[in-house]
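There are two complexes below, and they share chain A, which is joined by chain B in the first and by chain C in the second.
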Partner chain A sequence: MFDIVADIKKDFIVNLLRSKKRVDNRAFDEYRPIVVEPGVSEKAEGSSLVKIGNTQVMVGVKLAIGEPFSDMPDLGVMMTNAELNPLASPRFEKGPPDEDTIELSRVVDRVIRESKCIELEKLCITEGEEVWIVFIDAHILDYDGNLFDATALGAISALRNTRFPKVEDGRIIYSEKTDKKLPVVDRPVETTFAKIGKDIVLDPVLDEELVLDARITIGTNEKGDICAMQKGGDGTFTQEEIIDLVNKSREKSEELRKLV
Partner chain B sequence: MTRRMVIPGEFITDKKYNLGEGVYREKDGIYSALMGLVDEKENYIRILPLRGKYMPKVGDFVIGNVREIFFNSWELDINSAHNGILNADDYYKEIDTFNEDLLDILAPGSSVFVKIREITHSKKVYVTMRERGARVITGGRLLKIIPTKVPRVIGKQRSMISMIIKETRCNILVGQNGIIWIDGKPEFVNIASRAIRVIEKEAHNPGLTNRIRNMIIKEREEL
Partner chain C sequence: MKIGEPEKFIIDGKRLDGRKPGELRKVKIEVGVLKKADGSAYVEWGGNKVLAACYGPREVHPKHLARADRAILRCTYSMAPFSVTDRKRPGPDRRSIEISKVTRQALEPVVFTNLFPRTAIDVFIEILQAQAGTRCTGIVAASMALADAGIPMRNLVPACAAGKVGGEIVLDLSDVEDNFGEADLPVAIVPQKDEVTLIQMDGNFEKGEFEKAFKLAVEGCMKIYEIQKEALKKRYGGA
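The block that comes next holds the complex of A and B.
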């Protein structure tokens, strides 16, 4: 995803930020309107559609029975995958996942896994032989910046909406769902900040993402503990900036958490 | 007169017409290939698409953004499926390509207002700056609109665009590829870009020029 941005466009965004304004007239620490619709897909065990402004992400959760990892015989397995659909943006190509796709799925995986929001020990059926495997699949439907927050929000919303399918003689009947919910005990979310010049903004739109110097994604759980972090871009953050952003992130995460 | 709206594959008419853009002929009549409004003239028929990417046409002025540099040419992003090529010979003044580096003249990220000179069979789009009005663009602000709405932004005999230029005292260049450049006082640039967004949204409504003029005058008074 290599793009050359017109100098005029970059200068315009940077100058605008210097006069404390943004391209879409938002405050520096304000999200675009967020819509979360859980349960959009009937075929998946859990699903959610998240819109942050014009960015749109659909996340589905599938459950399957399989073998556990040999070093964790009594724990369920969780896997995250992201798909940057070519329909979402001219910048996305089909084919094997590129680094941005892998980064997105790993950062979302990290916040879900490290917050321990899924009680994996409850997903064990017989130790060392059979456990439930949770697949989290994120599909990017429309790209206008800030995929991390949208996908992480979609993932936790879909997980909370997941119900186990019916099992008969060790075989799963996907067409019938039971009332038993996936054991999800926390609501971790991610917030992304972009640094453009000397200014730091929350929830960058595509135009801002194209010209950013550095970005940082901070994932926190309900208690406010940091459970994931990812920095991107060529630029740098100072120590004070990061501490400040972590505090801001905690504050903003509460807003996101109300939606799931 | 309201025009009929059609979707791709929809039957339009069995009358004999010359085919314009966005239509094709089958045994029993003429069908639409695009989503848009039917434009029936005396002897020919075409579709005015509602949306779409820009298809380069010889003679169009477009705004391009330099994305790559070769030994004696630049490759431009012209907001289309095809890239524009600006040969060093087509730059507005002589360049000695053996001694001068094209990077020093136009670096990646620079914007230019150019005319499409030639399109080859293999869809190579050659553009030129040796034309009245063509220039290198610096400063100001770029706006991207849906390319099919460009004629409405310009208006009949440039009525709309010259009105906006007059009322906002901005410099405006409209590329046929849907990229618009505005330069002037920041407040006026904001007014002009808001006006263009309104035109893009309400392109099909009649009497737009006067409404936009009133809107600009009103916003100007509020400053």
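The block that comes next holds the complex of A and C.
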């Protein structure tokens, strides 16, 4: 049913873009208003609520002590998970994660991991035996498009206010937080562009997302290096478009980085 | 430093497996290798051994997935438990599900799905042996299986990765380079049309490095495309 509505809307949105307008009157390279509220959860070791327009994502970071991977015995472990909660959209269903949920988790994980923003070597407690495990859990609360950028922004914001809990005799006392912060040394962010017809827009709103031909998410670190990339959608980009968007992403990600 | 990491990736202009930076591993493609499938292909790419089978257009199950105006394309990427050093648990994991999705989106742009409304075209990709670059190998195999099944397509889809190891941009990462390198950039294209149907990246590219790696990956795709065409000609004739 949704898809039929989207097909009808598509003509409208494509024509609007051809006349240089967007459904919400934004410029093609303009983000919706973004609000980042760090520290929204008292129980989590780190947390953040991110709003991009009407999209809302809450990210919580929990820390645990566990075993390292056998091929990386002296490195801490990080895991990213996203939940597309049915309360956030009539399009989301309960049940095991579908491919979109998995893609979102993995693309957000990619930029955090590959930017090496968490100093995993500092999370080693006993080599080969005990390391800190960083669980990054993102909950989508309200879905109005562009979950990639909102979730990645929420993740880095939550990581940056993550503090270690107290440890006594090898056991974690979660109720008591220390002043020691999780070693986070970079602020990676992701920017997502949608290609609709011949036009490319930043930060697609849900209506745009439903009719897009192709999508690209580009993750960068503070230096402007590219750390992660993911193309989506059933359409294509030209080579020139991709190179151009990589450069645009470097520029636009600075706006996001200022917020964390 | 991770266990098993080599000190240097490039010695005297040669990579650890003897290749030059812009050189592909050996690629062998054969189509029509399975009897029951409507189309099939077998690809050996370096140490990768990958089978792909195409079934369809056929009836859609479950029925609610059927689309009134076109066929649905479904791709399943799966790794055999014995395809990797540490046994992989059978069944789909998160990585396989993501690769299945991007594979489908890499192929969707070339398939004339509008010709077969209310049907499904299923492509199954089985990694029998893995040695870095299985998603590209899978896409290449899948596109050959579709062609072998006679599914109308605008073109074949070649795929190839470029990456960065030891600070140098190289084509088609080997397993050591993939595990310990600094960046991996798989790309799939529609040749002659300047259309990129898949691009993913992880690692770290500085300004300028990305463009170089991207162009190299596209060149790699074009080399793979020639091998794909040869494989079809070998099976079905034609100059």
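Here is the rule we use: the second predicted complex is superposed on the first by the 255 of 260 C-alpha atoms of A that agree within 3 Å, B and C clash if a C-alpha of one lies under 4 Å from a C-alpha of the other, contacts with A are read in each partner's own complex, and residues count from 1 in each chain.
One rule holds for everything that comes next: a contact is a pair of C-beta atoms (placed from the backbone, for glycine too) under 8 Å apart; a residue touches a chain by one contact, two chains touch by 3 or more.
Please read these numbers as outputs of a predicted model, since none were measured by experiment.
Asks: Is it chain B or chain C that touches the larger share of residues in chain A?
Replies: C
Asks: Which partner does A:T236 reach: the first (chain B), the second (chain C), both, or neither?
Replies: Only chain C is touched by A:T236; chain B is not.
Asks: A:E168 contacts which: chain B (first), chain C (second), both, neither?
Replies: Once the two structures are laid over each other on A, A:E168 reaches no partner at all.
Asks: State whether A:S105 touches chain B only (first), chain C only (second), both chains, or neither.
Replies: second
Asks: Considering only touches as defined above, state whether A:K10 meets chain B (first), chain C (second), both or neither.
Replies: A:K10: touches chain B, not chain C.
Asks: Classify the contacts of A:C227 with the two partner chains as first (chain B alone), second (chain C alone), both, or neither.
Replies: Touch partner of A:C227: chain C, not chain B.
Asks: Once chain A of both complexes is superposed, is A:E42 in touch with chain B (first), chain C (second), both, or neither?
Replies: So A:E42 meets neither chain B nor chain C here.
Asks: Please output the residues of chain A touching chain C within their complex, sorted ascending.
Replies: Residues 71-73, 97, 99-100, 102-103, 105-106, 110, 113-115, 216, 221, 223-240, 242-243, 246, 250.
Asks: So in the complex, the part of chain A that touches chain B is made up of which residues?
Replies: Going through chain A, the ones touching chain B are 4-12.
Asks: Okay, in this complex, where on chain C does chain A touch?
Replies: 2-4, 94-95, 97-98, 100-102, 105, 108-109, 185, 190, 193-207, 210-211, 214-215, 218
Asks: Touching residues of chain B toward chain A in the complex: what are they?
Replies: Residues in contact with chain A: 65-67, 77, 108-111, 137-142, 181.
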